[in-house]
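All remarks here apply to the structure that follows.
Just so it is clear, A, B and C label the chains in written order, and each chain counts residues from 1 on its own.
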C-alpha cells in the first residue's frame, strides 16, 4: 500500500484539473485568433464560453490547492508544485480573458472590413499561440526544454508588436477613416502581446517547479 | 556560522549492532538543529553520543571523534561527567525525580555536585524556571512534588533542571512526543527563546515540528547521515532523492 | 440439566473447593493465635515482663531478660547484616550484569535457603570455638546476620531494579557522578522497598531458634555483655515447652505471645508503610482532592 494514499489521490485530481485548464486555454486562444481573422461570431461566442469555464476552474483549483496545504502540509516538490498551480491558474485565467477580449473585438470589427490582408497579426497570433502551447507542454510534461524556446519567442513577439504598432499608426495617419479598424488591430496586438507575456510567466513557474530555481525574465 | 559540535567519523555500536555509521555532522552554534529520520535510523543514538550517555548502556561503544569547541570529548583523559555538565539532555518521557519537590528537582544537578549556598540555589531556581517559561505557573508551589505537575509542566521542569547546570548545549530527544499540542507549542516557543544563548539539537519524528522549529535539519536513514542543510532548503528543495521521499511521506 | 446449568454447578464446586482450602490454610494460624493468647495472656503482667528467668519454676520469675536478649540479638545482627546486605544489593543491581554479579546472586540464593542450624554450626565453630569467645551474644548475632544478609540483599536488589532507569539516566545526564547518582537518586526512590526488606529480615531473625542453641545459648541473668551467653524468647520457649512446672510452662507460652506480638507488629507496620508509599506526597493528595471536589 502506497503511503499517503488520500494525499496522492488528491494531488492526482488536482493535476488533472490543471491539465484540463491548460488545454482549454490553448483552445481558447486558437479559437479567438480564428474568430478575429475570419470575423466569425460563432467562434467568438465559443471563446466567451470557454473563458467562463476557465474562470470557474480558477476558483475551484485555488480552493483545492488551499485545502491540500491546510490538510496535508506538502513540502519539497509537492509544495513547489502546488505553489506553481496557484500561480499558473492565474496566468491561464488571464490568457482566457484576453482571448475573450480578442473575441469581443471580433464583434466590434464585424462591421468593418480588414484594410489589408492581415499578415503581421496572424503571424503574431501564431507565435503567441505557439508560446502558450509550448508552455503548457512544458508544464504538463514537467520538462524545462520548451521553456527556452518560449523565452526566445517573447523577444520576437515584442518586436512584432512594435512593428504592428508603427504600421497601424502609419495607416491611421494616412486615412482617418481607417482609425476604427486600426484601433481594433492595435487592441488585438496588445492582447496578443499580453498573452505571450503570460506564457512566459508560465514557463518561469515550470522551471521553479522542476528545479527549484527562480528565474526572473527581464 | 561557528560550529559547536562536530562529529568526525562517528560510529556507535550496541554490541554487534552498528547503529550509527560514519557520521560527519557539524552542529552550528546558537541555533536549533533538528535531526529527523524514520524509526531506528540512529538519531537518538547519535545525540546520546554527544554527551557521552551512549556508553552508559551495557555493551555500547563508540568509535570516532566528537569535538566540542574543537576538543574531542572521547579523549580518554576527558571526564565524561564534566562533558555532561556542558551538554545537557532532556528525554522523551518527562522524568522529574519523584521523591523531590519542584525546587529540589531544579537544583538537583547543582546540589548533587556540592552546591550548598541556598542563596545561589534560590536564584538558580528562579532563573531556570523563568528560562523554561514555568516560573509563573509554579512559583507558589515550589515545594509540591515534582510529579504532581501536568505532563507539559513536568517536561518544562526537566528543561529547567537541565538549564540550571548552565550547559552550553541542550540536547532534546523527542521532547514533545508524550505531550498534547498546546504543551508542545509552549515548548517550541521556549526553544525559540533559548536559542539565543544555547546551542540546541532536537531529535524529532514529527517533520512539521522540525520544519517549524529548527534552523538546520539533518536527515538520517539506517544509521547514515543522508543530508544536512538549512531547514528552508531541505523542506523546499532537498538535494537527495531519499530526503525528498521521506519528507513527502513517500517511504514505504 | 443443560450445558449452562452444568457449567454453573462446576463453577460452584470449584469455588467451594478453593474456599475450603483457604479455610484449611488459615485455620492453623487462627488456632495458634487463639491458643497462644488463651494460655499465654494470663501470664502477662508488668512483673512478668520485667523479672528475669530463674529456671526454677518458682513464682516471681519473668521473661524480661529474654525480651532484652532478643532485642539485643536483633540489634547486633542488624548492625552487621543490614549494611552488608544493602551494599551487596546495591552492588549486584548497579554493577551486576557480569560474571561477578551472577556469582554473588547465586551464592545469595543458596545462602537464603540454607538450613539455619547449619548456619548456627558455622557460627559455633568459628566464633564460639575457633575464636574462643564461647557461647555469647556476639556469636548469636553473627549467626543471625548471616541469615539476614541474603534476604536484605535480595530485597534491596529488587527494590533498586524497580526504580525506572529513566531516573538514573536523568541524574547522569545532569553531570552527576555515578556513585552519587546511585546513592542519592536511586536509593532514595527505592527507600520503601529497602526498608520493607530490612524489616522483614528483622522479623525473621527475631524468631530464629536453631542457630541460637549453638551460639547464644541461654542465660538466666540480666546480661548485655557481648561475650556472655544471653537469653532469648525462642530459647525460652524451647527450654520450657514441656516442663512439668506450671510456672515454667507459663513462661514458655508468655514468651510465645510476646514473640508473636513483636513479629506481628513488625509485619503490620511493613504493610502500613507499603500502603503509604502508594499514596505519594501530601501535595499530590491535595491536588487529587481538589480535582475530586470539582467533579463532585
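In the analysis below, contacts are C-beta pairs under 8 Å (C-beta built on N, C-alpha and C of every residue); 3 or more make two chains touch, one makes a residue touch a chain.
Since this is a predicted model, take the numbers as computed values, not measurements.
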Taking the touch definition from the header, please name the shape of the chain graph: line, ring, star, complete or other. line
Leading the contact tally is the pair B-C
Using CA atoms only, can you tell me which chain is the most central one in this structure? B
Centre to centre, by mean C-alpha position, how many angstrom separate chain A and chain C? 93
Centroid spacing, where centroids are CA-atom means, of chain B and chain C in whole angstrom: 46
Can you work out the whole-Å distance between the CA centroids of chain A and chain B? 52
For chain A, jot down the residues that touch at least 2 other chains. none
Chain C to chain B touching residues, read off their complex: 97, 164, 166-167, 169-177, 180-181, 184-185, 188-189, 191, 280-281, 283-284, 287
Contact set on chain B toward chain A in their complex: 207-208, 211, 235-238, 243-244, 247-252
In the complex with chain C, residue positions of chain B that touch it: 51, 53, 56, 58, 81-86, 88-89, 91, 93, 95-99, 101, 108-109, 112-113, 141, 143-145, 147-148, 158, 161-162, 165
In the complex, the residues of chain A that touch chain B are 1-4, 7, 73-80, 212
